[in-house]
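To keep things clear, I will list the structure first and then write my remarks on it.
Chain naming follows the written order as A, B and C, and within any one chain the residues start at number 1.
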Amino acid sequence: MHMADALLAPTVGLAFDAASVGLVAAASRRVVREPGYERRAPLMGVLGAFVFAAQLVNFAIPGTGSSGHLAGGLLLAVLVGPSAAFLVMVSVLMVQALVFGDGGLLALGCNVFNLGFWPSFVGIALYRQVSRAVPGPRGVTLGAVAASLVSLELGALGVVAQTALSGRLDLPLRDFAVLMVGIHAPIAVVEGLATAGIVQMALRLAPERLDAVPAGGRQFSTHVPLLLVFFGAALFLATVGLAWASALPDGLAWSLGTASAALGQSRGWVNVDAPLAGPLGALLAGAVVVGASLMLSRLRRGNSPTS
Amino acid sequence: MSVLSVEGVSYRYPDGTEALRGVSFDIEDGACVGLVGPNGAGKTTLVSVLAGFFEPSAGSVAVGGVRMGASTLAEVRARVGFVFADPDDQLFMPTVLEDVCFGPLAGGASPEEAKGRALELLNALGIGALASKFPGHLSAGQKRLATLAGVLVQSPRLLVLDEPTAFLDPFARRDTLSRLKGLSQARLLVTHDLEAVVELCSLVLLLDEGRVVARGTPASVLGDVALMSAHRLERPHILSHGHPHS
Amino acid sequence: MSRSAARELDLQGYRDSAAHRLDPRAKLVATAVFLVCVVSFPKREVLGLVPYLALPLAMGALGRVGFRPVARLVLAASPFAVLAAAANPFLDRQPAAVILGVAVSGGVLSFASVVLRYVLCSSALLVVVAVTTVPGIVRALGRLGLPRPLGAQLMMLHRYLFLLEDEGERLSRARALREPLRKRATLGTARRMLSSLLWRSFERGDRVYQCMKVRGFDGSFPALSPGAFRTSDAVFLVGVSTACVALRTLALRVAS
């Protein structure tokens, strides 16, 4: 789900480019100050190449019939830490745009945000919290799945917000959002499971390879630049809010109206359905997407005479 | 005077494996010494000790009279050129010229000086036309020459060559060997290519289970059929047929 | 496949031509101006975008860039943008223009516009990379202020990109040969394959580090003195930028 130049308005693209420039500068300053950067520098380069190589390993996504591959952001963050992982992801996205035509130059900022920022700074923080709270392999799996769900879905919503703000598409914002969230849910779960598997194997074989996770005591805030997270989250919320407001000129009034109506008549279930419509719709659409892809895969399997 | 002097070097891996047990040898200025041995003999460990990646648990290494230690590591490394088996590991810069310039620039040379020395050397090796090429696009033989240039540009007194003929076709191997033969620096040739040792080296060390089990001229060590098979090696044919080009 | 097309384009950057000899900074900035101009057209613009095809075509011809690899990459990377825009004709059915006597809906126009924008933006970037090389672009970015750690990261990534891709490819083939009845790896197999790939990448990273270290690496990547920005570069940059902006303002005039 690379954002493309063609779907962007210049202001939106340039705004995200500018934000990314700031993030890249901050991460670069941080990464050279981290102990062991000298040793990590060549490894980071090779790991960037690893992400491309890993994308050649296609695997079946259980229950959908489609195939997936590793996006890699979260795995990188677990392996080399947030700032280094972010820089590796930025380099991966740049090479994808320059060499493979995935994404684009103007859209780079959007893609850095959607695919690099969330797993490197937010996903990893969640992963660390969960894997610390739940000990053992279960914690790793749980943490990786939760982190990849959150970061991939936030990235998907980022795509929705950026396209909505750019106004090149006629897709209704809400349908598009629901569709994107639905499509990315199974992908995110599989990404999480694959990441967890690789991390567990690395933990068994060479725990010293993984970015040192403080064994308690130290809070994640010392490791993940909290300011960056706040900055990114604020920018994201502002974008989503702006997109919502611009797509539904009376969106705010509408939600305020339904909310007050619901409060005023909160007697029976019937009247409360308006605020619930969003999440319910999202679930339904997710189910429809999964169902449709299941049916599609059945059809394909039926048609193609592969042994 | 000896360029490299290795005295009683032992190395034990963190897991307890004893990879080197009291290895001693000297290399004279301008000499070419072959280091042979079966897989797992300790050859790679020895190269890692010489490069300063591993600190010997006993014994010492001195290059040009300077004993290797934490404080002298940079000085010692500047005197030794390492050519590793996989040229893709060694050619990490985006163009051949930049790769050859890496060492001099890291050593404090000015960009103009580094570029001048690099181009001179590339031309001398006959690969001046490859200066602006991406290392990944070179042939195996060209890569080998480029790695050699990247090392020679730092004017080392000793070259440590780890499997320099690996991955090469016969023609490129011949070319590489003749260039190695023409060098004036002392050379330590670590290889399974025993015929190359016969051609290039005046002294052979046979390493097995972390010990130097035999040393002498190539004919006396590599020509000893019983000794060779006792250490999972083979007497090179070149010893029975003579030099292929003579 | 698109991967072989990418390699072909990557290789073309190391050739020599008038386009290759231009300063990478000039090419990069000109491309940025081009992109912003293309993207800034109103949603339903189609005709005004057509003249912009001249830049990638001219650049490609000047640098003798193969048409096929560019076309293959543009096609291969298209699904998201084109699919997302494909809904436009169904959602916006209001007639917006009459072309050759046929009323065309706004949705069809905006869809055509997105497709055209897509072709323009991705082909322009790919052609510029094919006459510059990735390291060339990275060097240019470095001189335009790209932080050094990211520059070094990009160089290393590009250096080992195809090498590691080959390893991934070999791994995938080995799996396919050993379980010929299964089209795709199961998640469990993929995890093991990826772990092994990761392990090899770590070892590669270690070896590269050692190679750097013995040659005096201290954490900074040295750079050679870059080439000078010549008059021809300035002429190219100013010419292309002016043309792009002029075409954009001209199209505005015609529209109004």
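One rule holds for everything that comes next: a contact is a pair of C-beta atoms (placed from the backbone, for glycine too) under 8 Å apart; a residue touches a chain by one contact, two chains touch by 3 or more.
Source: prediction; values computed, not measured.
Compared on C-beta pairs in contact, B-C and A-C come out with A-C as the pair having more.
Of all chains, the one whose mean C-alpha position sits at the greatest distance from that of subunit A is B. Inter-chain centre distance (subunit A to subunit B, centres taken as mean C-alpha positions): 47 Å. One finds 41 Å separating the Cα centroids of subunit B and subunit C. Taking each chain's centre as the average of its CA atoms, subunit A and subunit C sit 22 Å apart. In subunit B, the positions touching at least two other chains are 92.
Contact of a single residue of subunit A with at least two other chains is seen at positions 42. In subunit C, the positions touching at least two other chains are 134, 155-156, 158-160, 163, 204, 208, 212, 217-218. Subunit C makes touch with subunit B in their complex at residues 11, 14, 133-135, 138, 155-156, 158-160, 162-163, 204, 207-208, 210-218, 222-225.
Within the complex formed with subunit C, the residues of subunit A that make contact are 1-2, 4-10, 13-14, 24-25, 28-29, 31-32, 37-39, 41-50, 52-62, 67, 70, 87-88, 90-92, 94-95, 97-102, 104-106, 163, 167-172, 176, 190, 193-194, 197-198, 201-202, 205-206, 209, 306-307.
Only residues 48, 51-53, 74, 77-78, 80, 82, 84, 86, 88-90, 92-95, 97-98, 101-103, 105-107, 111-112, 114-115, 132-137, 150-151, 154 of subunit B touch subunit C when the two sit together in their complex. Subunit C makes touch with subunit A in their complex at residues 2-3, 6, 9-10, 31-32, 35-36, 38-40, 43, 73-74, 76-77, 80-81, 84-85, 87-88, 91-92, 107, 110, 113-115, 117-118, 120-122, 125-126, 129, 134, 137, 147-150, 152-161, 163-165, 167-169, 171-172, 181, 183-195, 197-199, 201-202, 204-206, 208-209, 212, 217-219, 221.
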